[in-house]
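Which chain is which? They are A, B, C and D, in the order written, and residues in each are numbered from 1.
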Amino acid sequence: MLLFSIVIIPVLAAVLSALLPARLRGMANLAAHGVLLALAGILAYRISPGSGIVAFGGVLRADALSAFFILLISLINLAALVYSRPYLQEDIDGGALSVRQARGYDILFNVFAATMLLVPLLDNLGHMWVAVELTTLASAFLVGFYNTKASVEAAWKYVIICSVGITLALLGTVLVYYAVAAQAGTKTLDWSVIMGRAAGLNPRIMSVAFLFILVGYGTKAGLAPMHTWLPDAHSQALTPVSALLSGVLLKTSLYAIIRFAMITNKAMGPEFTSRLFIFFGLFSVAVAGIFLLAQKDFKRLLAYSSIEHVGIIVFALGVGTPLAVFGSMFHALNHAVTKSLVFFAAGNAVKKYKTHHLHMIHGLVQTLPFTAAAALVGLLSLVGMPPFGIFMSKLMILSACFQKGLYGPAVLLLLFLAVVFGALMFHLSASIFGHKPKGIESGGEALSMKLVFVSLALLLVLLGVMMPTPLQALLVAASRLVTGGGL
Amino acid sequence: MKIPLLLLQAGIAVLAAPLVSGFVRRVKNALRMRQGAALVQPYRNIAKYMRKEEVVSETASWIFRWTPSVVLGSTLAALMFVPVFSFSLSAAGMGDVLSLFFLFSLGRFFLALAGLDAGSAFGGMGSSREMFIASFVEPAAVLAVAVVAAHSSSSAAEPLVRSMGMSFSGMIAAASLFMVVLAETSRIPVDNQETHLELTMIHEAMLLEYSGPSLAMLETAAHAKQLIWFSLLGAILWPWPIGSSSGLSAVACAAFFVLKIILCAIVVGLTEIGLAKMRLFRVTDFLGLAFLFSVLALVVSGLGY
Amino acid sequence: MFFLSQNSRWCFDPLALFFLGVIVVVSLPSLLFSAGYLRRQFSRRRTALATGLTALFVISMAAVVASANLILFLFAWEFMSLVSYFLVVFEHEHEASVKAGTIYLVMTHVGTAFLLAAFLLMHAQAGTWDFEGIRTAAPAFPVGLKNILFGLFLAGFGMKAGIVPLHIWLPYAHPQAPASVSSIMSGAMIKVAVYGILRFIAGMLGVPPVWWGSAILVAAGISCLVGVIYALMEHDIKKLLAYHSVENIGIILLGIGAGMIFWHWGWWVLACAAFAAGLYHTVNHAVFKGLLFLCSGSIHVATGTKDIEKLGGLIKRMPQTAASFLVGAMAISALPPLSGFVSEWLIFQVFFAGLRDAASGGKLFFAGMMACLALTSALAAACFVKAFGVAFLAMPRSRAAAEAGEVSLSMRSAMIFLAALTVALGIGAGLVWKMLCAVAASFLKPPPAVWDGLLSGSWGLIRFPGTDACLRTPMIMLALSAGIAAVYAFVRLVSRKHSVTVGRTWGCGYYRLDHRTEYTATAFSKPFRIAFGFFLLPYRKTEKIRDSFYHVKEFSYETSTTPVFKRYLYDPVVGGLFRLAQYVRGFQMGSIHWYLAYVFVTILVLVVIFGRP
Amino acid sequence: MTLFLLTGIMILTYAMLVCHRIPALIQNFRLQSLFLFLVTLDFAVRQKEAGVFVVAGLLLLVKVILIPSFLNHLVKKIRVDERLGLFLNPLLSLIAALFLTWGAAVFCAWLVSDSPAVVFAAFVVSITVVLVGFFIMVFRMKALTQIVGLLVMENGIFLLASSIAGGMPFFVEIVIAFDVFVCAIITGIFMYRINKVFTHIEVHRLTDLKG
């Protein structure tokens, strides 16, 4: 019943926001997503001891891995929602958005949230594919929300490239189905059933199937050669949406890749997938690092940094030891929180300076002190400075890599991370500090925005210094599930 | 215990020092077939300065007023380190030739500051060039002494002298030290003592602003410093009978010491006449040569000579 | 398993306590100084922020020194860099300090990447994060791993200490921070890097092979010379002091490098003495460099400028600052009674002992190092004659210098305290030497027989073991003051009517001299610029602006030296990266067809390559 | 019988590469979906399972009737010139298609070497249809061709799904078909928006977002 309620609440919220007037709609949405976060917490709590499984009518199924992703999605959804309230209010007062469009935004936001929450819960791989496709379609309207040339172009590229990617993933799913059908004669696509029979699958078909899955869902996850849509979509979308996109949407498609990787590992042993993951991980970090150096647009900079962090997570999955998988999950959580914090700050800055161009934004400390503080905290956390979470997760991933003896990739990763560090510091420190340009007066941040900034920053420091035990238990269960070995 | 004797020795040395530079000037004038000033001319100068009234520049600060005392004081302290007549403080464990060099650099530091303090271009030029030459002297001097000391297990001046016989590496080190002495006592190839053309003199330029008793003190300090360098050079070249412990009577030691100083003075006088003053930036090659000599000495002493 | 809550272990052995002492000795006067210094420049809120950050900075340094766990060390180390970044960027209105902050943080982060790699290698090999566990497991490390670890540690800590090829950030970062902070950074933060070298290379990796010691010596020698030559050319007082930090770190590492070579040859007594000499110079440098930076801060507050070309005659308007700067200058130029002299004398003795006892190859190597140290200390003396002379003496060169007033009491008391400490460290050399030999022995762990050789001599006397040359600084101080007093009394006695009249400086009798005829810093350093031209590649442009028949009315002279390391080492790398980025940016050219083609090609290539046979 | 239908689909796929105008392309897509419906019907008849019949019916409804008429309606509404804007002229496109078919054959031979001829043929045809769909998207200028290319790729995958081991689980097929329909509708709406904002639907001119 718990899983069903998790899926239904956002749908109900979508319906309600279609009907209710503005003031009530805000309250309803807030309540809905608050309850969602609570439910995710309960789910995580019920699952973490041992490898507990919660199922609902054969369709929905949640184990430690999906519980963690549900928690991640609902947390960032709540943060994005709380941020989007004042963000849209400013637009409505400024006349950029009509009330009808604001209502449209709320509906789409909830639909998008519903589809994302659906992905980790579906047991059947075909249904999961459909859910991922729906997330693309739902978020397409949010990317193309402002009817300007740039956002329409970004939306079109986003829809087409992601659909092509997901079609390839469908091909991969069909091949997996073929392998399962050919080997055991059972006509099923349920993940739990396939995991039972994964040992005997034909390795040749499984390898090709996994390649299609990796490229297909990889396009959606923003892995390197297929990442081309990501900077456009993130820079043109509404700020809360781009926070959702890079914080959580990329991770849902990573979730799908992990599911298939578990099957392939069982079928053919882990070294096939780990070589691929390490290659794609390092390639993504390298490409992101190089593109970051030549960036001039604030949001595109953050988009490329998302590609880099997805690369790190995939690299950690490639290393494959329980500690590495623990580190990659923990990194996914840290990155989601940090990226949404920085995107919110970027949104404020872009709105105040009315330009995306980094060279025109400087003296943020004087114009928007709170936003500048958030941007600084986010920046330092993104590049892995100590008090914040990413420093710890980076340390885990690298130490797992060294323990496994992968010295080459680890050194390469350190090198690329240094390039990324230099690029980000070079661009953002010039815009955060410095003199305030003349025409802009300071101040004007809503209270709830400040609340979001402070809470996210505190969460980051909490994750960086000490790990709450229930979260640690959940992550340990998830990593045991993925790698089969205890921590 | 040894302190009163040391003070006595320092006092005698200070009194004798002007005589040495007077003697060097006598040697030069004799070679130039000139009558030249009397041997005691430096004493007369100092006495004259003593009686004169002192004029101090208005821009000068307390550093300008205290530099003469510091320079002379540090030279006197340095005197106690070097085996002038019989023995030195280093025998009493006070420090060794390295501290000697540092004491000289203390004096030079304050003299350079005084040169700058007067606010005229000549003083600044003098101190700049003085520090420039000093920085190239230092490595050559330190290495030369280190080589010599390497034979006598410690770099304390006195044991350094006693145990080391006449060795080939000692000779080369002495040559290098001789070039250092020329630079340090502002002799011809590096600096010209006798000229008063502001743009050429280095050591004199820093004293330009001084008059009266201060100038007297600085003059005596210069003479004392020269005496120290000569005695150090002599100690390395002819190391034998120095100090009371070597069985020879004190008078014989003193006589031998005076002979050594005269010899050094003559050699210095000869070089002053023989060479012309170098351009400032060729002094680096000159002192580089001195440094190479000390490295050569090190190599030779490494081979065991 | 990873988090600070499960991993905080502390250790307070003599080495850590010594460095804690150094940090405290520098930080307290600087904090006292910063109270007055900041209030005059910033608003009340920003002063509170700066003081808070400085306190956090000191705490993080103390945490680094006292931690006994790799993760805690790394955490505190990065936190220290982060807080010092905020302090460097504190006056973020000036574009230069933001740029300096970025360079500083990026280079520190690269250094930490080296450390991270080294720590992870050690953890992978030893299986534990604690120093103790690693020290017990260290002998079992394969030799190749030890060499790699040594390289990583030297690079990582060298970057933070400012060894030459990696020193680029130091002359940018230190001058931008507020003076009290840059004194802590120069005085204490660089020493934390030295602590790192001692703790990990000497403390953990066991008996070092000989090439380790010589590598450190060569790097230190180069750092000494390059640091002091650049300092001679620098006319911004804080940049000058920053370059001197590079030079003094070189001197400290000379002691440590020599100690490691002696340790390899098994000469325990000399090894302990060499390390102790290095440590002695560490504490001396911390004290007099802190003092000099505080003086530069008070100059900056009083005159509003840091360029010594615009100062002059400050000794008459700021007597206490001038006096303390003079004490600092004398200490750093190793002039006898003060602390700098004692530590450089000790390091000379180390090299002299090495020269005497080493085999023929070693003799030349130590001779070269001794000559390099001698040249460096002489150049340092020249540089500080320039700095003190041009800044404090003769006539003021600008209106700001003419109207400068003495700084507030709190600032002066901090400076005077440090000056007194410098003198005390010089006089009480014997006492300090005994303590440092104990510290050196604590992490070298020599056989017990060595102890008596080190600890002989009373409080005033340093008996250097091996060459039994001894140094009684109080006796030297006595001799000096006796000499000066005697001379003064003699002159007072002889010329009784000793009348002193104040006249004009000798200007060849033409006209009254004004500040334009004074010797400027550029002029003072001109001989050195020509002598070291092969390294500095000086640039010189002269231009007649207004010319008359008889003589030149107006003349412009411009000179600069090329930052060799920055231009030929760092710019090509960074420039290359940016050019590569511009080129690669072309791949995202905006057409959706190309993007689809990328996806298509990727899947084809993968199927061909990775499809299992 | 199935071999006849498979060759029909292959021919229609090649025909798609040749057409110059948008209505021709949509008509070709409609015919290809019809043949796909027939193949599914043939498998349904052979398996005699109710589920597959429903799937075939749904396929007929969505792919043959609804989507093409929606696209035609859209093209009339946009009133844009109907030329397709080819990067590669039809001859070169055909040569490329041949090359793709050869590639698909080699790939399928390597992948499913031990299966009966019909399944092997179905594999080769479906992989070729997917590749041609990809080809159309990459080498045609108009936005509509990208939508049609996408639908053709999904046709290929449907063919693959229904031809191997008696088709996918019933419920999955239904949901996928429905999803394809929603995707077509949304991409159509976006194409309409592009036309409104850019007054043309040449996608290769949409290159403002660079770097």
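Rule of thumb we're sticking to: a contact is a pair of C-beta atoms (placed from the backbone, for glycine too) under 8 Å apart; a residue touches a chain by one contact, two chains touch by 3 or more.
Here's who's who by UniProt: B = Formate hydrogenlyase subunit 4; C = Hydrogenase-4 component B / Formate hydrogenlyase subunit 3; D = Hydrogenase-4 component E.
Predicted, not measured: the structure shown is a model, and the values here were computed from it.
Q: Show me the overlap between the contact partners of subunit A and those of subunit D (Hydrogenase-4 component E).
A: Touches both subunit A and subunit D (Hydrogenase-4 component E): C.
Q: By count of C-beta pairs in contact, what is the leading chain pair?
A: More C-beta pairs are in contact between B-C than between any other chains.
Q: Suppose each chain is reduced to the average of its Cα coordinates; what separation in Å results between subunit B and subunit D (Hydrogenase-4 component E)?
A: 101
Q: Suppose each chain is reduced to the average of its Cα coordinates; what separation in Å results between subunit C and subunit D (Hydrogenase-4 component E)?
A: 71
Q: Just curious, how far off is subunit C from subunit B if you go by their C-alpha centres, in Å?
A: Centre-to-centre distance between subunit B and subunit C: 34 Å.
Q: Per the centroid of Cα atoms for each chain, what is the distance between subunit A and subunit B, given in Å?
A: That gives a centre separation of 78 Å.
Q: If you look at subunit B, which of its residues touch at least two other chains?
A: There are none in subunit B.
Q: Please set out, as single numbers or ranges, the residues of subunit D (Hydrogenase-4 component E) touching at least two other chains.
A: 110, 134, 137, 146, 203, 206, 208-209, 211
Q: Two-or-more-chain contact residues of subunit A, please, as numbers and ranges.
A: 156-157, 160, 164, 204, 208, 231, 291, 294 - these are the residues of subunit A that touch more than one other chain.
Q: Sort out which chains touch which and give me every pair.
A: Listed in label order, the chain pairs in contact are A-C, A-D, B-C, C-D.
Q: Can you list the subunit B residues touching subunit C in their complex?
A: Against subunit C, subunit B makes touches at 50-51, 53-59, 61-63, 68-70, 72-77, 80, 89, 93-96, 98-99, 102-103, 105-106, 108-109, 112-113, 116-125, 127-129, 131-132, 134-139, 141-143, 146-147, 149-150, 153-156, 198, 208-209, 212-213, 216-217, 280-281, 284, 291, 295, 298-299, 302-303.
Q: Touching residues of subunit D (Hydrogenase-4 component E) toward subunit A in the complex: what are they?
A: Residue list for subunit D (Hydrogenase-4 component E) touching subunit A: 110-112, 130, 134, 137, 143, 146, 150, 153-154, 157, 160-161, 164-166, 168-169, 171-172, 175-176, 179, 182-183, 186-187, 190-191, 193-194, 197-198, 203, 206, 208-209, 211.
Q: Using the touch definition from the top, list the residues of subunit A that touch subunit C in their complex.
A: Contact set of subunit A toward subunit C: 156-157, 160-161, 164-165, 168, 203-204, 207-208, 211-212, 214-215, 219, 225-226, 228-229, 231, 268, 272, 275-276, 287, 290-294, 323, 365, 380, 383, 385-387, 391-392, 395-396, 398-399, 401-403, 405, 410-411, 414-415, 417-419, 421-422, 425-426, 429-430, 433-435, 465-467, 487.
Q: Going by the contact rule set out above, which residues of subunit C touch subunit B in the complex?
A: The touching residues are 313, 315-316, 322, 326, 330, 333-336, 341, 344-345, 348-349, 351-352, 355-356, 360, 363-364, 367, 370-372, 374-375, 377-379, 381-382, 384-386, 388-390, 392-395, 461, 463, 467-472, 475-476, 479-488, 491, 494-495, 498-508, 513, 515, 517-519, 523-528, 530-531.
Q: Going by the contact rule set out above, which residues of subunit C touch subunit D (Hydrogenase-4 component E) in the complex?
A: These residues of subunit C touch subunit D (Hydrogenase-4 component E): 585, 588-593, 596-597, 600, 607, 611.
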